[in-house]
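First chain written, first letter: the chains are A, B, C, D, E and F, and each begins at residue 1.
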Amino acid sequence: MYVDLPLDRLLEYRADTAAPADFAEFWEESLAEARTRPLGLRVTAVDTPVRTLDIHDVVFNGYGGHPVRAWLRTPKGAAGPLPVVVEFPGYGNGRGDVLESLEWASAGFAHLSMDARGQGAAGSRAGATPDPVGSDPAFPGYMTRGIEDPATYYYRRVVVDAVRAVEAARALGVADPARVAVFGGSQGGGLALAAAGLVDGLAAVVSCVPFLCHIDRAITVTDSHPYAEIPRYLAVHRTRAGAVLRTLSYVDGVHFAARAHAPALFTVGLMDPVCPPSTVFAAHNAYAGPKDMLVWPYNGHEGGGVEDLRAALAFLAPLLDGK
Amino acid sequence: MYVDLPLDRLLEYRADTAAPADFAEFWEESLAEARTRPLGLRVTAVDTPVRTLDIHDVVFNGYGGHPVRAWLRTPKGAAGPLPVVVEFPGYGNGRGDVLESLEWASAGFAHLSMDARGQGAAGSRAGATPDPVGSDPAFPGYMTRGIEDPATYYYRRVVVDAVRAVEAARALGVADPARVAVFGGSQGGGLALAAAGLVDGLAAVVSCVPFLCHIDRAITVTDSHPYAEIPRYLAVHRTRAGAVLRTLSYVDGVHFAARAHAPALFTVGLMDPVCPPSTVFAAHNAYAGPKDMLVWPYNGHEGGGVEDLRAALAFLAPLLDGK
Amino acid sequence: MYVDLPLDRLLEYRADTAAPADFAEFWEESLAEARTRPLGLRVTAVDTPVRTLDIHDVVFNGYGGHPVRAWLRTPKGAAGPLPVVVEFPGYGNGRGDVLESLEWASAGFAHLSMDARGQGAAGSRAGATPDPVGSDPAFPGYMTRGIEDPATYYYRRVVVDAVRAVEAARALGVADPARVAVFGGSQGGGLALAAAGLVDGLAAVVSCVPFLCHIDRAITVTDSHPYAEIPRYLAVHRTRAGAVLRTLSYVDGVHFAARAHAPALFTVGLMDPVCPPSTVFAAHNAYAGPKDMLVWPYNGHEGGGVEDLRAALAFLAPLLDGK
Amino acid sequence: MYVDLPLDRLLEYRADTAAPADFAEFWEESLAEARTRPLGLRVTAVDTPVRTLDIHDVVFNGYGGHPVRAWLRTPKGAAGPLPVVVEFPGYGNGRGDVLESLEWASAGFAHLSMDARGQGAAGSRAGATPDPVGSDPAFPGYMTRGIEDPATYYYRRVVVDAVRAVEAARALGVADPARVAVFGGSQGGGLALAAAGLVDGLAAVVSCVPFLCHIDRAITVTDSHPYAEIPRYLAVHRTRAGAVLRTLSYVDGVHFAARAHAPALFTVGLMDPVCPPSTVFAAHNAYAGPKDMLVWPYNGHEGGGVEDLRAALAFLAPLLDGK
Amino acid sequence: MYVDLPLDRLLEYRADTAAPADFAEFWEESLAEARTRPLGLRVTAVDTPVRTLDIHDVVFNGYGGHPVRAWLRTPKGAAGPLPVVVEFPGYGNGRGDVLESLEWASAGFAHLSMDARGQGAAGSRAGATPDPVGSDPAFPGYMTRGIEDPATYYYRRVVVDAVRAVEAARALGVADPARVAVFGGSQGGGLALAAAGLVDGLAAVVSCVPFLCHIDRAITVTDSHPYAEIPRYLAVHRTRAGAVLRTLSYVDGVHFAARAHAPALFTVGLMDPVCPPSTVFAAHNAYAGPKDMLVWPYNGHEGGGVEDLRAALAFLAPLLDGK
Amino acid sequence: MYVDLPLDRLLEYRADTAAPADFAEFWEESLAEARTRPLGLRVTAVDTPVRTLDIHDVVFNGYGGHPVRAWLRTPKGAAGPLPVVVEFPGYGNGRGDVLESLEWASAGFAHLSMDARGQGAAGSRAGATPDPVGSDPAFPGYMTRGIEDPATYYYRRVVVDAVRAVEAARALGVADPARVAVFGGSQGGGLALAAAGLVDGLAAVVSCVPFLCHIDRAITVTDSHPYAEIPRYLAVHRTRAGAVLRTLSYVDGVHFAARAHAPALFTVGLMDPVCPPSTVFAAHNAYAGPKDMLVWPYNGHEGGGVEDLRAALAFLAPLLDGK
């Protein structure tokens, strides 16, 4: 069943929440701080059964100079320069196994698939990147770690990691820095929007069923995890809603979208209780660059699934031709 | 939690049910009947975004001469002869999309991924093969279609399709008929065992968390679907248990295993309520050829997941070297 | 809790979907095709412990000339002509056991209770009628069998069976063909509407909590099965929504209702998530003949239960007096 | 799945709990007290749409002289003497509607269907008999009302009502007092056993999937309601287990069974979590008269359903012939 | 997620249902009847491990002269006169254990915590007060006992008990009768409103997440128990909705609120499915005295929990100073 | 229902797993390391509405010198020396609010209620202590943080905190260091056992329904959280079971129990799926000091609830008399 507003209202739906006044400064400072440390890019070939691709273990320094891992997959023997698709994982997942996610490189792209720090032990794809930062009391999961202050919030670190991943992608020998796209679903879609709002010169953005958008509304219209971690936290720390909502406003995809200019493809499932459609449309409708939206009326959080992948490949195909 | 016997008992567990006396004749006749019709192999190149592989749409005639669809994936430009991995799908799934399941061909194999007739609209992978045969009243799903008689049972048709898929694989121009392996998980694992018991000269068998094994026990030790379709049917057709159990004995993986001789790799999850471990061990322990079992103590029906794939690739790697 | 619109809006609720342009032709041709075959009515006395009724096993030829079974119950020794109540079963059910559903005949009617082909193994009442027609990949259940085309759709066959059941009822020696009513709940209520829209001269129609009404809305306002089979199918076959919705429009009770003229009694439960009230009101409000609606504010899909039966007996009582 | 011991152990399973020493005295005194009041049988014809049966509203005085209601259904115009089937309702149900339960009378029996006092507002069949006795704090439901003392326990009153119902049946003008049988499913099956253990000269007993048997074990092997009401009560009143188990021992079907001598038919579902099979076998194996057991391996609490009815009709058929 | 209207509509939400014309008379007569019997206050010291408080077992005569139990807790050795907080329990609970609920007395108040008759065996706090009155058939629980008539309804008795509890509080030697407040959460909050509407001269009222408010709406907007007991009853007794709704109107907190004048503090959780916010606001907005509302946006039925207690202590603190 | 072995087997149940050879050294070194830093005890009076108690905010340095918060409650004006009850919180909870947990101090004890670092945002009691240490990828919750190595494991830090809490208790001016007891339920019960095994001279230990006992078995016999976090982690990190089980052996209550000598009271619920009885009995039966066990046959994880508190108060009452 439809879990949110009817489609005609979704098409025009806009969040009424403003970004914090110092949103831009906050991220400029966060990134500047990260860039005081070297990127530290390390690329190590991995021996796998896959014969059609070259696969490398990539490490770069993200937030706080902490090492972040990724897989780099490229067509066998491709010398480059190649367009690069930087992928961010869904909630609870990491970069996964070398044997997974062969599609992008098989289609001719360099594919850099990043870990989300501390995640990768709860979904289907394992991670290998620690989050060396602790936190105040938090609800199980990642949503409320350090949530009392934007400076200590978990997603501040992950967003910085995502931006650094794009920088790492551009620094790869095989890459054409002018042809870097970001891609992800759910949490990965939210991080793709964050990168889109913070990185200049991205070639394209694909954000499938994005999470972390219009969060203040999401927590009032769905009971599903992971959004539900936030009201579950506030149900115990009842007097902290103001601080918590303020923190969340710094990582909200709606505000990143309003600062993004690369061509973007969004997807949404009208039966998605995890990332309710109005929150996805709020980001899409705020997006400042050229944009399109694939609407899947009868899908939940799986969205378009392989059809989203097919559409993303078509959307990014011009990059293969050097466009 | 463990859902079945403790591991020490599983290691020695054997089904106490005998195959029907005419088990071999039943399948000989079923296959002979199918072979009265031409295999009708059709292989058509498909245009996809995948640059590292060649992908073909394959159709062959299965049970009743009905057309059955499959995807054939091979390394780009590979002329063969290649070893072939014939894959059977999990319950509710079909061969999926051309963009899925790139692993086997990326690792150097020809990969023939077959539809299960009538399935492919309930899982994550779509199917494109009708089952043109109707049935008596049946519980929703496939388990009880035509279950009153082995001759009309749905899985008789699918098993014949699976055997014909191996024949189709051997008939592919790119294939080395002496290096054909069968592979599958859950229902696919059950069909791999069926093929192993009915086809001579298979190079190897990989049966991950197989379904359709020791079915008479399975329906008394788990409430999970799809096994539960059978007691749900018998809960309405209370007086038909004898006929139903007789029919099921003709498709039980335990009895196929006892007639199989190719080297086999099994996998099992000790927390798997869908295919309870004792039913998997019953098949493994009855298996007449060389065999090994990967035991995942803390996994459910996902079994070893990508670790099962890794193990299967290693198990079949000698085939790539012509062994 | 109320699961749909408030009552004041329900009372005026109308579907905004038009019937397909060739709706009438489609059904004329479907019925004409069926009528090229003889009805083949066979009526066989059954020996039962019931002393107050005569019970017969009835077989007639439905869609495709396929045999369809029913029970005929009449008051002991009644010679007729009697009014006949033709009953259609709820989803998953068949005609049931001879010992069930004694009410109508005990109240003086001839009662012809038809199987739904292929069903009768999942509910409380068994069936005995095969559906000899296979299908493309379908979601478990009956809702999506052959759904890609109206010509192959499962419910085309069942609706034709239902019309032929009325013809069989009229052909019974004990029947007064001018006093035939149709009756059913849920799927049976939907089939009663179909018969009402396709058969001339029905004496009355009783449609309790009908299923198969305003289907395009139903699949967006409820998660409950069996409606949910359709979005579950479309969640896999994402690009087929157009064809699927078109097919469904040929069996939608709203369109049958708009073509029906016999006096009708509807019932609805305002807490019914299986057949949401707006879909029932859409059919009722579209109904072209005299009509009444029993509204049960605090009931779910059980609707009025025995109160619906009591009301139906009262509604049809004049038929017993030859009216 | 099987929810209890394997069948071979069930066949020999016996409760190890003794009846309280004053079990017989307790019931003798309870019945003697009830019999100090007149039975007060009132039989009033009811006007219904049912033409094949005569239906009467029956009231008699049960425990405490409180009026208890029942329906009496007999074949139209039957003068008697007829065999009588006294039916006791399942938990939460009452005698239901006049339009329900037509089977027994349609098969030639007089059918007296009794209310369970205070019940009849939670199941599918309504009741019309108050329980004018209040209680100490109790868990919602009926299981723990007055449970601290056998003298105040709810089921003491209901069992007395059941015995009085048999006495009422024998006093009906249409009845042959020598041909009275008791019948019921679940709670009704438990009450049938109670009547069997307390009433002399019953013609037969049919106890389907009986409740209220080997209660001390039942509450440790199932989480299902209504047995679960008892541990839920004890979870709050933690120190009262001794008194509670003592009270329950006075209404345990195992102890009634050991005092019963009429021929009995039991039924059981091996997948019944509501009345676990070992508790049913404990009653059956303790039963002191001739007995038989219908075992339904693939059914839950519905047991044999209409097949149980068919078997019961066959079992009691000799009564129709005056045997 | 929010379970009801948005906050801006809640702030203005008003029930549109009028109190029955004889509402005041009904309660005057009910209380007058109770007062024909002596209050029968008995106060007995209890020996407990608590050294900072004096704890007494209190019994007084409630509805029908039936004894009702409560705990009285006072600061050790306090001679009084003290302000008294009379607490009513949540649904299914009783006064609990002497070792529980030490907060009020530890803060300096006399705390009289009353049982709800017949309850106290289903929650976390035990009860010790019988309800000696039986009832017609009722759904398990307390909501539908005697619901066919206001005179026999369970909550008539409990409301009378609550008023008598206030009278008992005022009669305690340690009490200052001018400084008696009522307090409770959920059912206790509903009873606090009832007392507020029926007792003159209360010092204050604290009603946390109150139950029993705008009941006619509640049963249409939530599926949660205990409100759901009412539609479950009406689902069986389908024709009784008129009588049932009439009965409920006599105990509806909205109507008590409109007759209450003491200063009141309400609390509400916007994610509370048990006592939906609109029903709480309906009572608050109807409240005739000074009032305040604590809104917890991210809480369910736990409401503000210890924050509600903190606010209640602050709200009632002036009573400690004799104000 | 009983969720584990029958009681007669539980009474003798012993874990068959040995402690790691360097168990004692591991903890000696861990504690020695912590003790290289000053305890840093800070005790600050808190202003609360509670008049019968003095309440202080306590901070001490735990593992890594990280500040850990606790509440200290003492009877109003008590000068000491008092016996101290050190309480550890249940999983997800912290020390809670000043207004909660008044029982121990009201009974005459000094009560020191410690936070569990990083917890206190998921249960009913809030926490205020950060865990400044990050971790590798972990399943949501605390169970798998740093689980790949005993040195980095989350519970190493919490156990050190617990020991330091006892040291803080002894250092309180109001305390009699010879009369310090540890107390807790669930996780708190596990930590009480850890303290009992690591601290000399404890006066008593109360471990209610303890968690963290016989963990290797627990994860195979229950699906309930929080134990389930471990198999959920291993389901992703399939090859890490060896390292994970090794780490867990260092925090297993069974091994702490075998090294504990203070008199101990355990409690257990036979229907507790969260901390299965066999794991509690394994700890109890291994306990090296005087011990007793309260068995609650009909309780789940709530165990004896207030009855456990009553028993604990009685068990510790001699401490109040200086014994």
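Simple rule for what comes next: contacts are C-beta pairs under 8 Å (C-beta built on N, C-alpha and C of every residue); 3 or more make two chains touch, one makes a residue touch a chain.
Keep in mind the model is a prediction, meaning the values are calculated, not measured.
Note on connectivity: the fewest chain-to-chain touch steps from subunit C to subunit F number 2. Relative to subunit F, the chain whose mean Cα position lies farthest away is C. The interface formed by C-E recurs in A-C: of the pairs listed in A-C, B-C or A-F, only this one shares over half of its residue-numbered contact pairs with it. Fitting subunit A to subunit F on CA positions gives a rotation angle of 180°, reported to the nearest 5. With chains reduced to the mean position of their C-alpha atoms, the one farthest from subunit E is B. Shared residue numbers account for under half of those found at the interface formed by subunit D and subunit F, and the copies are therefore classed as meeting with different residues. Mean C-alpha positions place subunit B and subunit D at a centre distance of 50 Å. Each chain gets a centre from the mean of its Cα atoms; for subunit B and subunit E, those two points are 63 Å apart.
Our note on geometry: subunit A versus subunit B, Cα centroid distance of 37 Å, whole angstroms. Put simply, the C-alpha centre of subunit D and that of subunit E have 39 angstrom between them. Counting partner chains per residue, subunit C shows two or more touched chains at residues 124, 302, 305.
Contact between chains, per the stated criterion, is found for A-B, A-C, A-E, A-F, B-C, B-D, B-F, C-D, C-E, D-E, D-F, E-F. Those residues of subunit B that touch subunit F in the complex are listed here as 1-2, 270-271, 296-300, 302, 304-305, 307.
Interface residues of subunit A, counted against subunit F in their complex, comprise 92, 94, 115, 118-124, 126-142, 144, 232-233, 236-237.
Within the complex, the subunit F residues that touch subunit E are 49-53, 75-76, 96-97, 99-100, 102-103, 105-108, 124, 302, 305-306, 309-310, 313-314, 317.
Contacts from subunit D toward subunit F in the complex involve residues 219-223, 230-231, 234-235, 238-239, 241.
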